[in-house]
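Please find the structures below.
Shared between the two complexes below is chain A, which pairs with chain B and chain C, respectively.
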Partner chain A sequence: MATITAPRPDVQSARPPISARRRRGRNDLTGYAFLAGAVFCFALFSWYPMVRGVVMSFQRTRRGVTTWVGWDNYSRIVHDPSFWTAWKNTLHFTVLALILGYAVPFFVAILLNELRHAKGYLRALVYLPVMLPPASALFLFKYYAYDPSDAGLFNAVLKLLHLPTSQWMQSSTATMPAMVIASTWMNMGGAVLIYLAALQNIPGELYEAAELDGAGIWRRIVTVTIPQTRLILSLMAMLQIVATMQLFIEPLILANGAGTQDSATSVAYLIYQHGFFQNDLNGAAALGVIMLIVLAGFSAVYVRLSARQD
Partner chain B sequence: MTRTLIAESQLRRGRGRLVYGLLLAGVLVGFTLIFIGPLYWMVTGALKSGTEIAQTPPTLFPTDPQPQNYADAWSRLNLAKLLFNTFYYALGALLFQLVLDTAAAYALSKLRPRFGNAILGLMLATLMIPAMVLIIPQYVTVIDLPLVHLSLLDSPFAIWLPAVANAFNIFLLKRFFDSIPEDLMSAAVMDGATPLRTLWSIVLPISRPILGVVSIFAVTAVWKDFLWPKLVMPSPETRTVSVGIYAFSGGTPMNIVVAAAVIAAVPTVVFFLIFQKSIVSGLTAGGLKE
Partner chain C sequence: MSAPQNRRVAALALVAGLGLSLAACSTKSDNSSDASGKVTITVDCQPVGAQQELLRDWNADVAEFQKLHPNITIKSVSVGEQCNNPPDFTARLQGGTVTDVFYGYMTDLDQVLDSGQAMEITEYVTKDTIPTWDSLDAGAKAAFSDGGKVYGVPTKNYSMGLVYNKNLFQQAGLDPKNPPKTWAEVRTAAKRIAALGNGIAGYSDYSAANTGGWHFTAELYSQGGRLVSEDGKKADFNNPMGRQVLQNLKDMRYGDDSMGAKQLLQWPDLLTNAAAGKVGMFIGAPDATTAIVTQFQGKYQDWAMGPMPGQDGPAKATLGGGEGYFVKKGLSPEQVRAGLMWLAYEKLTPGKGQFDYVRAKPENQPVGLPQPQLFTVGSDAYRQDLDLRKANANVNVEDFAAFENNPVPVRFEPPNAQAIYAVLDSAMSAVLTDPNANVDALLKTAEDKVNGLLATR
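Entry: the complex of A and B
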């Protein structure tokens, strides 16, 4: 991020002050003209909604009349019977996705970095699912992979390996792992490529030195690879938590929203439910604010932890 | 090439070579199965008849291929219209982003007006706000724009304008522009070139690689998006392809739905095969290095 705060080379300092100032003013105007379009879009679709979301969460609109209602929306949303289930499911998904979707791409990247052949093919292969529209990929999983009968792809493979088959989305315990598998398959390509970039920046001498000290492959990963990629690893962990907390399309398509016995309901799905089915945009906005606060809490912990490491 | 975890020499020798060969073969087969396998299953599954798809164990090749499924999907879901809509939204979002975000990044990098860094900071701050948190207030804004009280529902601007508010792309562009030497710019200014002229004939031609990466991101983002287009394009005539398939999935046989899902994925896969090199290198080199 060094580029953002890079000192501006002051080319104008040699010129007489008055003309410099006039020039500066004209430059400013041109600069603002170039910025205007993007700033307009940010203002209307990012900055203003951010404020509006908080304001809305303390209001209630009924028949076109908006009134201030204090914490009413918050108390209504917390007392929604699905509120705690949604949080439990979302955190469950976040943790499972972190175990599977975080460790797997890292080791896949290490593996790909060691292979000297078919580099382009393998990188393209891993990234291919990222390009698919999630709705397309999820219908594939829903109908062909997670078919609860033995005609489904996953059950057929499990049977071939003489393992017990699963009811997948029809079972309240298999729903969560099924969503994590589909989500990891769809999304891991981006993480793999980012880790690969980080791995390529590790100086080869470090491995050489570790090997001379008698470190085996696993010890070299622990003492060289992980410390050398620590920054990107912790950044990706944070990004992944933010992304997985927004779990929405997987429950919507795979589990028709709530899933068997509410096993798929997520916080994001609850926002959608309240906003667009229960005609409760204000309650949905309140839940959005709660989600923002929880994520801000995670970020604070992250900043603390990474500050301590340095 | 610098050395990696395992030394080159170790892989060339007897046992190392054997292990490497086995590993390579395993990875090639395994990864092909994991990443192409499901796609194969999807394409061939949609060719099977309703009875064949329910058969146990499932068949590897469709015994009696039904290309009719694809034709049915095409006509029943009106896929031509849905694909056209999606393409139209993606193209518009791309143009808006190329013009407005490039201009903004150029201003922040080279013109540097007062408070430029503060504006950049406010833009980057939006990266910290998850999309789901903003979805309700954004929707409320779009159905009743402040001051003018217009609704953008079913208007392509409801997709194009929010797409411009993309801090990541502005950041990528700005960082690239920062690396363009100042001398090159001041030479143009000496020659009396206006900022627009400098942007057009000096900055943009050098920036082709990053413009390519940003364009790819812009197009795929619109093609993959689901919830936002579902909310702001409620009419059947304005739907995107993903939303259209979802809307039809309830009352349509599953082979037809999957056939439609295959057709919806074809443009992105073709796009990927064409731009695969720039996508992969753009992500590995331009992504989060530093």
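Entry: the complex of A and C
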């Protein structure tokens, strides 16, 4: 369809008067000065370390002498006894987090959206854990919730319900679910708020129409809510994958690093081990690059999705 | 001022501020002495503010040292608790922000040399700079040397034995003056202590953050084993000695239930439990009791030490280690000499600095512990230190007699120790958290992993 656009009044004159141009020049300068700050910070704290990381991954420093070693660091890191365990654990966490950590906030948001009373209060309550420093939140889980004796919060509850108790972080099978539970509790506040905003954008008449057609709550979620929020849902899924694959603080605090029988070792933790304990910064850099490539794949999907959202 | 100007000034201030704040991060002193011959050096690991008395002592020592050497200025740098935290040390080392004279563990030699930050100081370590240099323990000195060149000065050393809680021994009807000498005796004692209930572990051990592998190594040494082959290329623990280490632990954990329910412990976890009176025995060095008291609010009176237990008799060997200071590359000869003289004063002179027992005694710092034992037995410095230590002891020297009178040969950590420890943590955590753990399979897996790891190092 052809459209005719009238010229905007403020751009009608071909050249602005000299004083206005000067003012704009000054404004541009101010803009560049502000930009310089941001560019400087990004360059120094993000881009330079990234480039340096890639360079380091092809070098080896021994006795103060740095040499180019081709793919040696990559070969060493791939042969690290924990390399595949770390990837397996990280993917395990990502999948569990997608099932639990992704679905729970969405349904909590739907629930909050349906509420008639105490809405604000409950929203604040759900958001509260986000305000706790992650380390504090995880220590709470470590010492109170996941205590392997019957004195632990979760075990006490399980016992009360006459259910079998767990060794939590001391069990190689319970470690991952336990980390996902703690992580979900800590992080879901932000996701719930985003989902709530998305839910409130769904026109009410869609639900009314569905109700008139006799759709129950489950049907309304499947045929109205999910299709109407699918873009934000896919965006959040990508964000969630990228975030959970960087799993680090949960194993570090809850599992004292590797966990029992390496059940908590994540890729990021392995990077930390090589860089800070094993005198192998170059190996750590190589693993960092491998992780970057994997995450870049998911980030590309995210960028495409968010372009569609715009 | 108009709004755009305000913004411009703000933006420029931001950029300038960033530059300034980055410049302020430097911990390096001016690396030349001035015309008047004055030199300044920066030194790290000044005690933290919370350690009020230690900090006061350190500052007093700096003032006294500067009075004795008016041409030297010592700038102390506190790096918080970072001196006890290896990852922070690595970050400072790699970032090039270590001080002129910087602290490190004996086992840091490789990473310090690889980083290219340390200076060779062979020609500077003489009686002129460090009067007690010739009396220093040869093993400790060797740990800071590479290829015959000296790179650091040892300031503390330790070896491991059996640390035990006298109170719990008494309560369990055990003789606190006669600690267990074999692993079988440890097991019997642990059972009796754990029977006291109340969440008390008779014996406790590590299994996380590489400390599990560290203690596996110490216990393997006690059996007469070694972690890697002579040439350092193969794992050497998948044998009856390695099996015995894991079996002992598994028997205590699941056979006797004498190691408590909480496992996956790392360094502060075990010491926190110990300070709370929940641990009967553990493997550690004498300074573990110092940490229990000064960092975890325990009491000296509760603790005593015996030698490292052996399997059927005295231990074949025990694990040793220590700490010291390196000198940063690029300092002027005057600065290097000044740094070494400071170390000599603060760390290596009987009756001064860390060995000033007269001052430490009323401050509840431990006096009378058998280690550090930096001076060669029989040397003048050794005798002076021993006399002062005995005269001012505030811990019961008798409590450490069993450890001191039954010396066990000391072995140090092999190269790539931390990478191997990370692998062995898995075996240690398995026997302490899984009642069905298969010791043979665990050792085989760990052996394969360590061999793979060593092949690529």
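Note that in this section the second predicted complex is superposed on the first by the 269 of 310 C-alpha atoms of A that agree within 3 Å, B and C clash if a C-alpha of one lies under 4 Å from a C-alpha of the other, contacts with A are read in each partner's own complex, and residues count from 1 in each chain.
Here, a contact is a pair of C-beta atoms (placed from the backbone, for glycine too) under 8 Å apart; a residue touches a chain by one contact, two chains touch by 3 or more.
Since the model is a prediction, treat every value here as computed from it, not as a measurement.
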Partner chain in contact with A:F276 - chain B first, chain C second, else both or neither: both
With the two structures laid over each other on chain A, which partner does A:A307 touch: chain B (first), chain C (second), both, or neither? neither
Taking the superposition as given, does A:N27 touch the first partner, chain B, the second, chain C, both, or neither? both
Return first, second, both or neither, reflecting whether A:G259 touches chain B, chain C, both chains, or no partner chain. second
Please name the chain, chain B or chain C, that touches the greater number of residues in chain A. B
Using the touch definition from the top, say if A:L161 reaches chain B (first), chain C (second), both or neither. neither
Touched partner set for A:E211, first chain B, second chain C, both or neither: first
Look at A:R116 in the shared chain and tell me whether it touches chain B only, chain C only, both, or neither; answer first, second, both or neither. first
Scan A:G37 for contacts with chain B and chain C and give back first, second, both or neither. both
Which residues form the common part of the chain A surface touched by chain B and by chain C? 27, 29-30, 34, 37, 41, 44, 149, 272, 275-276, 281
Which of the residues in chain C come into contact with chain A in the complex? 4, 7-8, 11-12, 14-15, 18, 22, 86-87, 90-91, 94, 110-111, 113-117, 199, 207-210, 261-266, 269, 416, 418-419, 422-423, 425-426, 429-430, 433-434, 448-450, 452-453, 455-457
Which residues of chain B touch chain A in the complex? 2-7, 11, 23-24, 27-28, 31-32, 34-36, 38-39, 41-42, 45, 53-58, 99-101, 103-104, 106-108, 111-114, 116-117, 119-120, 122-124, 126, 128-142, 145-146, 161-162, 164-165, 167, 170, 174-175, 178, 182, 186, 195, 220, 223-224, 226-227, 231, 241-243, 245-246, 249, 254, 257-258, 261-262, 264-265, 268-269, 271-272, 276-277, 279-280, 283-285, 287-290
Chain C-facing residues of chain A, complex: 23, 26-27, 29-30, 33-34, 36-37, 40-41, 44, 61-65, 75-76, 79-82, 147-149, 167, 169-172, 255-262, 272-273, 275-281
Chain B-touching residues of chain A, taken from the complex the two chains share: 1-6, 8-9, 11, 27-32, 34-35, 37-39, 41-42, 44-50, 52-53, 56, 110-118, 120-129, 131-137, 139-141, 143-145, 149-153, 156, 159, 185, 190, 193-194, 196-204, 207-208, 211, 217, 220-221, 224-225, 232, 235, 242-243, 245-246, 248-249, 252-253, 267-268, 271-272, 275-276, 281, 284-285, 288-289, 291-292, 295, 299
